[in-house]
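For reference, the structures are reproduced in the following blocks.
Next come two complexes built around subunit A: one with subunit B, the other with subunit C.
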Partner chain A sequence: MIGHRFDFHQPKELDEAADLLARFGEDASVLGGGTMLVPSMSANLVRPAHLIGLSGLGLDSIELDGTHLRIGAMTTYAQLLASPIVASHAPLLAAMAAQVTGGASILNQGTLGGAASFANPSSDAPGCLAAMEAVFELHSSQGKRCMPACDFFADAFRTARRADEFLTGILVSRDATLIACQYQKYKASASSWPIVTVACSLHRGTQASVRLAVGAAGRRPAYHRFTIDERSLLAPDALIEQAASRALNLVGEGWNDELADGDYRRAIVPGVVRRHLRTLLAGAKA
Partner chain B sequence: MKGTIQVRLTLNGEPRFADIDSRLLLVELIRDALDAKGTRVGCLTGDCGACTVLIDGEVRKACLVLAASISGNDVRTIEGIEGIETLKEAFIAENGFQCGFCTSGMIVAAADLLKQNPLPSQEEIRRAISGNLCRCTGYESIVNAVYRAAHGGRLSGGNGDE
Partner chain C sequence: MHNQPTNVEAAQSGPHAANMEQTFKDASPGSLLGESVARLDGARFVSGRVDYSADLIPRDALHLAILRSAHACARIVSIDLSEALAMPGVVAGLTGEEAALFSDAMPPAMDLPAKGARGPLQSRCLALEEATYFGQPVAALVATSVHDAQAALAKIRIEYEVRAPTVSARDALRDGAPIVQPGWDTNLLVHDRIRSGDADAAFARAAHVARGELTIGSSTSAPMETLCYVAEWDARGERYALTGTFQNPHTSRWLIAAALRVKESQVRVIAPRIGGTFGLKMAGHPEEVLVALFSRLTKRPVAWIEERRETLLAGARSQHHSFEIAADENGRLIAWRDRILVDVGIIGAGHSWAMALVTPAVFPTVYTIEHCDVECSLAMTNQPPWQAIRGYGKEIGNLVLERAIDLLAQQTGMDPVELRRRNLVAREALPRLLPSGLNVDSGDYPGGLEQLLTMFDYPRWQARARAARDSECRIGIGVAFELTPEGGARPGNFPNGYETSTVRMMPSGDVQVLTGVTSPGSGSDTGIAQMVAGELGLRADQVSIIEGDTDVTPLGTGNASSRALMYGGTAAYLAARELRDRLAQCAANMLGGTADDIVLRDGHARRQSNGAQIAVAELALGAHLRPFTVAAGVTLPLEVTRSFAPKNVRVEPDAQGRIATYPTFSYSVHAVALELDMATGNSKLLDYAVVHDCGAMINPALVEAQLRGAIVMGIGVALWELIKMDEQNRMITDRFKSYLLPRANDLPPIRVGHRVTLNPFHPLGMKGAGESGLGGALAAVSNAVANALGNDACLAHVPATPARVIASLRERFA
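This part shows the complex of A and B:
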């Protein structure tokens, strides 16, 4: 049993949830799927006076409109994997979800919004969502605001979400320019949290570009969009070297945890960036 | 919400009610309040899978669920999952357990796999039980047992651990 006493709230309406957070703010924790928060409370590592569960709000829909794919914050990894909309409009996200560890029980319970809000550097979702230039939809009693991934992921285990806000959805632009994408995590063993993740995609619109995000290596995802000359795709070595060194600079201070220290993570980055960009761009020459 | 709350659920096909402390986990509700001891308390961190149950037909870890969040759900534990006789016999035939602590969770996870994929490959079996730890490290026998239950015979190609 969880050691400390808390009030458990299960609002049925967005406004009710917003009012609770406006009242309790820093004294409240927001409960998503529970895969991190519930065990943290069992271990007395997190001791909120109020726990606000989002499961009654119907935030698990995946919708497509003319411009965006919108994924409700409580959408589980299993729902992402089962969605034909995600498969065709967000293949990078589908590839990430397919590599989440922990078995069917975690896929059924862990939520994309929860993983993003927890912002564990050594996890899958932040890097992938950064590479997708996802936008985060935050609700409070003052209304709704939308924030790009580069601002949302503020630091290790910290997002730009205010204490009176909760995440309701994640928006991804529909993108007809996407040619190819890759997601791969590097980990110490089959069930390990990632040591480094690479998410990259190639886009061909009026201007060709490569989006690259390295996760788990630093305190927050390292993301850059490289605008490229079509001709450079014919001999992409210089571009790949430039991206590998840029990615390492963006990683900055390496992330240390019990799985790997920061120097080790940084040492891996250039090699895996080269590997994935080579594969990504190899298909683009034709 | 007050310190004591009433929860209502269907446990293994039977409607049940309990007045519980709101700090209780689902696995504790099942074992302590409702006295179904087949589900184990292992790590309480969501890693080991000893507490694996079905909630509304989906495999879940009962240590990651607050009992207070259960509201009329259909919960099934090792005691109430139908059609697992073949799996049980295969676990015995293949020595799919040593101390037995992980076994109920393994069988719940394996039964869920076989329901969705009646003829899984060895790789698919490994993935399906990847949320379940066996600290006796008897994984080869467990994978063989699930394979035998599905295919009616041993894994070919020398994948046994003898």
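This part shows the complex of A and C:
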């Protein structure tokens, strides 16, 4: 039961939201879908004096223009799953959303922007969005700024968002070079949070590349883009080994929480990276 | 009690009988025994029209919030409530010292063992001077809303002198270890040794010996409904009414009255429908006294609904086993040795540590092992008190022995099914005495195993496992038996091994049963209605069951050890038979002839010799309005109370000094196939089959529902469920995202086969069905994980979490 008193604000305009955040800063929490924040408040783990809900701002549209797919910060997993635009232009994101568990209440209430902003290491969105090289659109009374995923995910439960800012949308470049992609989360049972996630994709343009992000294993997503030549696709073992050890290095010390410690997470990273890159690249030989 | 059902179809014979599904049906006229009658109140439950305790909180109730110790071991230097009492909505507060002015410690619901250590219990509603475990209540507030009460908790100023806690049994029993429980002179609660034959000699001459270590982590029952209590003090009548999640209402009345310093008759305990309990809601929770105290102090109703993070503090099952098993050159098991070290935490009023003494009592379960030597030490530590949990210790004994048999099979290259088959006790060899003194009633273990093999395609799974051996995802197969003592009747425990029911027919012919047992949500009340209705020639839905009100029902246990139908139902059945005889006499008075010519069926009493009949309702009305004619020669009112106490309980010690506290022994045999991801350690269940035998089944659908629930709980304990503490011994698995219960999509279809081996000691042939299946599932799944690991790693921890599996693989290759 929520054991403190707080003020709830539901702005109708972006500027109004920005003004509230400028005023309350660290004393305020931004409420997206609330699937993490509200349980944390119920357990009295966080006690924000002000809650600023974004649901009145219409931030749940999915739009496609000539260069980008733009997903509003308040877009729910259910909306992602229902969107043909997401299915064709962001198949990795669609694959991630399809693995979200928790039933209707999480699918219909949880938002992509909320999950990204919360930056729980043991979650799906950070790793997936890192692999997509997504760009985060932040709003404040001083205007708008955009930030790439590699900068946005600063640490466990911490993004580069300033206290006076809020996330309005997530941008993904349109990419005609995407050949194949895979998303898989690993966890002990259905009710667990993700323990390690693997997101990877193969791109063949003027220069072939493999993008790999390992989520949940470290404090922030471990991401690298491997530029490769076409020949290495025919015998990818060396590339796969290189990627497995690179991923482990990027993971760093490993994330500890109630569900799993860093040693375990680190122990399984190379194996699952190998597994998914093998499958990803097996299809590319033809 | 000559109620042996006629024409019972249980005792099948013939060449293929062993493999066949068996059913139970009492063929006497009108009997409903053996029918899967739909739950009488099922529609009310699924449509949300049932009142649980929290639905009954009065509008004007105050709400309780509890400050719990942040430390596992600390002296309470000071508590200052003044700032908290000044917070909005707060009405009153209590520290441990203040509560001690108005209340005493709860007495034990169970005698401490005669030869064991003794000392004061940690059973005050608020800790006094010392906090002995993380989460122990140290101060409490009531406010006009839950929110206000919880908000004010943060304003309580408490100063602790923190000490290093003792958090493992091994540490607690070390020389010079600090005494964990104030007022005691040892941390060793009980030491027990159970022996049969000459184990040393048998091990010395054995052809094969397998040894192992197994550490079982702490797990909890996690019912959907958490604890909830509502107290009202009636100042004029000078009585307390407590409504809540009471699994043992009469026991709770006794303990609460003692703690509140009032007569037992001044406390009424009401237990509405319960949303699951699995042992958690047995007597002795400190919050029961707190709500009552505050209701008297504030002269207002006081309510408390437990938070999930509080429920998850209730641990159990934390045991360590060092075991060895011996076989001769023919694969005959000859000896079993087990050294058990148990961490039972702090000793509260509920006395759930007793579970640890049941673990060694099941050996050697369904196997013919002549020489046994089992030693068990129970240590008190600064962990929260154990809370009773489904399985009640039996599941761990079964787990360990089934692991040992698989280890022996692995070591000798014998097939684990064949090894079991060679060593099962024959049907004809029962009843038999276990080394612990328990007398196993009946069973057909070989038949159960053969029936299981018709349901589970063992050769096909073995072929698949071989094919997958070198892949990243191996297949493991696990088989396990479980022997489940039920109907616990331990001397020194209140209440004990008998139950009482009243069957009452009113002038309209309406029938009410008042019983001292309760349903934990299992639907046992439907079973009781069946047992009564059949005798009275009525349908089950014409009988209503009243349970869980100490002012109204006969004294009884409530819900524990699978007794609702086996004891409470049997008592109601016996009462209904007496009532039936009275109604038959009334019918004979009206229709002529004699009572033994009357049959009650389809709502009528029929005179068999001439077909004359009269409605049962008419008999009831007649007996009330014209007692001197209709009820001539009949004892009135039409209300009969009977108690039922089981045979096969023995309180006189045998030659080894042992008694028999469980009268019935259900069993089951399980087979499971799972996939083990060698890269991550994750297990995924693929196939599950079980054969179960609890003797006569009054309502097979209810039995099967209990069995499936027990199996799912066993799967959870085998793979995922684990209470974890941090370095300061604070619990960190405080929600269902960190304490992982199985979900439907974690589970394979579970195929169930039934056998019916009647219990010769029970008038209807019944045995307990409620816990049965948990230990078999736990063992079969653990065996399957170990089978997938093969010689590459050793399963030394339960649950086999992915982290444990990967660590064990690394150890082996290190």
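In this text, the second predicted complex is superposed on the first by the 285 of 286 C-alpha atoms of A that agree within 3 Å, B and C clash if a C-alpha of one lies under 4 Å from a C-alpha of the other, contacts with A are read in each partner's own complex, and residues count from 1 in each chain.
Heads up, the rule we're going with is that a contact is a pair of C-beta atoms (placed from the backbone, for glycine too) under 8 Å apart; a residue touches a chain by one contact, two chains touch by 3 or more.
Here the structure is a predicted model, which means the values were calculated and not measured.
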Touched partner set for A:S192, first subunit B, second subunit C, both or neither: second
First, second, both or neither for A:V135, with subunit B first and subunit C second: neither
First, second, both or neither for A:S105, with subunit B first and subunit C second: first
First, second, both or neither for A:H9, with subunit B first and subunit C second: first
Contacts of A:G34 with subunit B and subunit C, given as first, second, both or neither: first
Touched partner set for A:A267, first subunit B, second subunit C, both or neither: second
Touched partner set for A:A17, first subunit B, second subunit C, both or neither: neither
First, second, both or neither for A:E258, with subunit B first and subunit C second: second
First, second, both or neither for A:A116, with subunit B first and subunit C second: neither
Contact residues common to both interfaces of subunit A (with subunit B and with subunit C): 1-5, 39, 43, 101, 190-191
Subunit C - residues contacting subunit A, complex: 65, 146-147, 150-151, 153-154, 307, 309, 472, 677, 679-682, 719-720, 724, 732-738, 740-743, 745-746, 801-803, 806-807, 810
Residue ranges of subunit A in contact with subunit C within the complex: 1-5, 39, 43-44, 101, 186-193, 195-196, 257-261, 263-264, 267-268, 271-272, 275
Of subunit A, residues touching subunit B in the complex: 1-10, 31, 33-35, 38-39, 42-43, 51, 53, 55, 78, 101-106, 108-109, 190-191
In the complex with subunit A, residue positions of subunit B that touch it: 1, 3, 5, 21-25, 28, 44-47, 49, 52, 58-61, 63-66, 68-69, 109, 112-113, 127-132
